[in-house]
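After this come two complexes, each holding chain A, first together with chain B and then together with chain C.
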Partner chain A sequence: MRSTSTAEADAPAVGAGAPAARRRGGHTWPGLAFVGPYLPFLVAFGVLPMLYALWLAFTDDAGGWAGFRNFTRTIGDYRFLPAFGHVLLYTGVWLGSLVVLVVGLTLLLHGRANRVSSAFRFLFYIPGALAGASSVLVWLFMLDPTVSPGSFLVRNVFGSHLFVESIAPGKLPFIFAMIAFWTGAGGWIVIMYGALNTIPQELEDAARIDGAGPVTIALRIKLPLIRKWIAYMVILSFATGTQLFVEPQLVNQASLGLVPDTWSANQLAFQLAFRYADFNAAAAVSVDLLAIGLIAAALIVTRTGLFRTDD
Partner chain B sequence: MIQRRLWLVVVAAMAMAGCSTATNSPSSGANSPGKVGGDLTIWVDAARLPVAQAYAKAHPGVHADIVTFDGDGNGATTLQTKIQLWNRTGKGWPDVIFSEQVNDPVWMAQKPFDFAAPVKDLIPQDVLARWPASSTAQCTINGTQYCVQDNLAQVVLWVNKKLMDQFHYAVPKTWQEWASLGEKVAREHPGYIVGNIGDSFSHWIYLWGNQCPLSQVNGTSVQIAATDSHCTRVAGLLDPLIKNGTVPPLSVFTPDFAQKYGGADDKVLLMPGPSWYAQAVFDQALHMPAKQITAAPPLQWENETPVTTGQVGGGPWIMSRHSTNLTTAADFVTWATTEFNPSGAESRPGYPAYAPLATKWLEQQAANPYYAADPTPALKAAADQIWPGWNLVSYPDQPVWSTSVVTELVAGKPLSSLLEPFGKALKQAAQAAGYAVN
Partner chain C sequence: MRLAARGLRFLILAAFAAFFVVPVAWLILAPTKSDEALVTGDPLAFGGFDRLVLAWQHLDAFSDHLYRLWIGNSLLYAVSATAIVLVTGIPAGYGLAFGRFPGRRLVLSLTLVVMIMPAAALVLPIFLELNSVHLIGNALSVILPFAFYPFGVYLAYIYYATAVPRELLDAARIDGCGEWSTFRHVALPLAKPVVALVLFFSFVADWNNFFLPYTVLADSKQYPIQVGLSDLLSSTPSFNPAVGGGGQQVNIFRPELALATLLAVVPVAVVFLLSQRALVRGLVGGGVKE
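This part shows the complex of A and B:
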């Protein structure tokens, strides 16, 4: 278990920010003052639980050293591979749509007149106001052809004439990806828009004088300059995605058990801990998730130069 | 983010359990042993809320804290996770729990849960003796009785007498007659149904009743034989009916079902289902008008005797071994199972398990104007016909049925092809729960 809620706290600097701010030393105190209030929470709810999970994952229920036994045991569990398969498919679909659509929409909006673009940014942001559990409940109605305001779409695009067909096992990763996309996309569009605003106007003007059209400017000038922001979005979203819990848990109850209560990896960890009292196995699954998140983050950071300060 | 997500789940769970109500009667202070009164925390499902509220009203000396929860229905693991949490924190256990899942006492009585208190010294032996032997057996784990069942949930054949008369059909007595009527209905009155198979408990109706050996416990091993002829022959009988639409793979509790088959022009002609269907399904969920429905005896397989039937429910009351007020807990459980019997629309939803109360309840039901004809002879006969070859196990089999069979039926696969994967999934669930499978 770890905290990924540092989103706004350590957002990367973009473009030609003031070089002075990047110089190490001399600015320690203001930095600490900003980070200070967050640190105790990070330690209490992020670092310590993670260390506890690590300790649990490598010990048995009597507290003795277990090596990798908890890991081999959970990987052998018949629910392990399906759960991780579901989560990875979901995360792939969601991240793909998030990157393509969020960046695409933001670039489109950034080329528009200010009033139009702010109206659209607001529109995209609205679904995000329905956070987590409540958005799932709304989507459950949206996906039920008998009550959905978009029943025409549910019937003809999804081909679902009954609610049970809407939540058929093969459709679930896509359904959850859609729910997550609409709750998160608006916020990211606003952030990306902010990132695009940091690009100096002169760059755009120079490109235009050189004969670049709006598409070339968007793809050749703007996109490379917000690359770090995209990487940052992917890292945070990857962690959130692999930790999927609320959506399948609620759909499990709403579908009267048609969706298994171990659909996602996090649910499996929850069930192992609180149904089988096997906290060590649950911790092993959490550590698996932590490892996957860390590896993905490391890959993205090294590939995109996220923390490189002098480019 | 994970913290936020878990926090949201907690909020959602609290919202679901949010109907927590407490009576305003003054607390009688410390819980004194041997005397009825004091604080009593009761966890019930929505259907058992009236009995808890009625008890609190009738006993002003008891300060009842009533919490409603999902009832552990449809194979949920709410109670397992809750009890694990209480056990870990060492506090918070309710005094009494009602569970919709008849097998819950099995794991509640054992490690690592160790929640249930033996009822032997809490409820007098002469009272306990008046539960049917089969009911007591389901509450007895390793030789000790840990619960009393609220109701019996024997499966009967529910009949829409008005429609059957209108269509000039005779009420079937065997599964074969029922199936051929299903074929006939599909031809002559398409859109009408003779049953359904989309519930998380449909296997208890069709497979339990027909002696399919999916849950035969012997010590710590369980026998699961999903491809036994008792199972395959039922699947073979059902498949044409699922295909022709007279036995749809839909749950009776879904809005889709109510819309398609419920209401004033209801399309339910016949429906094998448990004793509590009359009130909970036909009246409250489907809003079927009065003077239509009645019960017929359970269906027989060809001419095989004895006739056996399934069971859907038989929810138990369980008292907590951690309770500091077991006297009041026992008083409440006794009152709820042996005395509480309002009439009319508030009447008990299910067939009372306690025999003397069942007699009174049957008298009431015989005079209940909702029925088209007296359902009580069929209900009474079925009470003794539940197949005893299906033992209760510590893992819920409902989610296994739902995820491995119902979702596939919805996708158009025949039941006959799903028995093997169902058996395999049941074996995995049994092994994960610590059973040896053969």
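This part shows the complex of A and C:
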């Protein structure tokens, strides 16, 4: 931890700007007025919801202290472990495909002529416009062997001749992973490609002169230099993946209840709040999920060095 | 050998391009065909404009122009929230970059953590909070949480901290500008590219959000389009044979559902095109010529 005095010295007071403003405008703390209007939003929708969820998770419906009872109660719920199991399997499949395919495709693209590469990047990015419910609807069509342009693949790779077979519970983690990959991979490829472009050309040239082929350059030089972006993608996607909600919720509606409405952890929290009005239990599951999100965010900030919080 | 490697590379890229683009192409073509033609015909053939008009008439007639209402709601929520995001977020980024006040690093760290945390993790806690102050079912219960967009603040902060030199602001102060007019006449005009970025990302995030409005709104007349689509999905027999006769009554079949999905994407595409120049230029370029 830095002491206050060094923090003061590090603060972005260049020249006489800040003290001069203090004297002239009579401000004791320059800048605070500009941040002021944002603070209520940060508190009301960033900090307070977390604290309130924590409070609910550790109290009972009468407001008394409940210790960890809400947590043990929800973990003991017969739907809890399957929900987290589904979500973890889905996240695992998604992460695997993201790392292998996004990095692979980016490296393939980076070796190409610029115009070809940017055309491909644009094509890969298009599905990014269809997030949320839209993407799920598109894939419900794609997985329906009667109308899908890829019905050959749906029948032979997924082995489904009827729509309901496509969304059989055992296949769902893979299908959701595919949908998430379809909408999000293009954006990541654009980011990774941008990161690769910061690698100086001389480095590549030097390697080539030393006799390195394109594969060696890709694996030995390019890959290590985008490592922190890959780490960022993995941690962020892990945290996002665990929060899955829209996809299973829509598939539940399209499946006549074949897929339970507590398929994912967030759905379970949602049902606890809405169907059972058990806000304490819902808060406990939410806190489990919040913890995953917070730990991931903390890891990204402290470990990848991609975001700056000081000057 | 090298030729073979290049051919293989192109094949792999083309196969993935097909995976990404074909579903979108299908979605664009589907509303031009009848439900029957979707099953029997070539999936990637064009039908006719008359079918497209018919599909729109069916969709528009659904529940007394409910679809238009959903689009209108989405616009209302996304536009008003994004306006608040710009008004609060750009000055906040500026204040965090150049200000010096106690708690500055705390605000910055909190912003960063909430920004990186998946938005869905906060939805139920926000619902529980709004529920305790009886705001559930109110349009504000969507707009106000949307109006908190830490990523926008962080973008503005990074822009000001890296691309705008402090000397420029000092020069303005020496010329007699106060704190506010320095921001208004010097810092704000410099931030045009970042305003476009924040506008784009905030609008798209709000437009595509499903979980929060789904949780805090109860009346289908208040739904934004993303939640409306799920409503539509449950009233079509295409995926829900139980609806059966209901589908006949509401005339919502696969072409109508595809059109509804397609139209829901149009505003995002429009905003993308409008802010594209700024997006491409990104955060390069600042206040000082090298």
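Some notes on this structure:
Methods note: the second predicted complex is superposed on the first by the 247 of 311 C-alpha atoms of A that agree within 3 Å, B and C clash if a C-alpha of one lies under 4 Å from a C-alpha of the other, contacts with A are read in each partner's own complex, and residues count from 1 in each chain.
Here, a residue touches a chain if its C-beta (ideal position, glycine included) is under 8 Å from a C-beta of that chain, and two chains touch if they have at least 3 such contacts.
Treat the numbers as computed from the prediction; the structure is a model and nothing was measured.
In the superposition on chain A, A:L89 makes contact with neither chain B nor chain C.
Touch criterion not met for A:I75: it reaches neither chain B nor chain C.
In the superposition on chain A, contact of A:N266 is made with both chain B and chain C. When the two structures are aligned on the shared chain, A:L108 is found in touch with chain C, with no touch to chain B. Once chain A of one complex is fitted onto chain A of the other, the partner contacts of A:Q243 extend to both chain B and chain C. In the superposition on chain A, contact is made by A:R275 with chain B only, not with chain C. By the document's definition of touching, both partners, chain B and chain C, reach A:F163.
By the touch criterion defined above, A:L256 reaches both chain B and chain C. For chain A, the partner that touches more of its residues is C, with chain B and chain C as the two candidates.
With the contact threshold set out at the top, residues 45, 131-133, 144, 146-147, 163, 236, 239-240, 243, 245-246, 249-250, 253, 255-256, 266, 270, 273 of chain A are in contact with chain B in one structure and with chain C in the other. Residue ranges on chain A touching chain B, taken from their complex, read 1-5, 45, 77-79, 131-133, 144-147, 162-165, 168-169, 236, 239-240, 243, 245-246, 249-250, 253, 255-261, 266, 270-271, 273-277. Across the interface of their complex, chain A is touched by residues 9, 12-13, 16-17, 19-27, 30, 38-39, 43-44, 84, 87-89, 91-92, 94-102, 104-105, 107-114, 116-118, 120-129, 131-132, 144-145, 147-148, 150, 153-154, 158, 161, 166-167, 169-170, 173, 178-179, 183, 204, 208-211, 214-215, 226-227, 229-230, 233-234, 238-242, 254, 257-258, 261, 264-265, 268-269, 272 of chain C. Partner chain A is touched in their complex by these residues of chain B: 1-6, 8-9, 11-12, 70, 73-77, 80-81, 84-85, 112, 198-200, 249-251, 253-256, 259, 398-399, 402-403, 406-407, 410-411, 428, 432. Residues of chain A that touch chain C in their complex: 7, 11-18, 20-21, 24-25, 27, 29-39, 41-42, 44-50, 52-53, 56, 101, 105, 108-109, 111-112, 120, 123-124, 126-127, 129-134, 137-142, 144, 146-151, 163, 182, 185-186, 236, 239-240, 242-246, 249-250, 253-256, 266, 269-270, 273, 279, 282-283, 286, 289-290, 292-294, 296-298, 300-301, 307-311.
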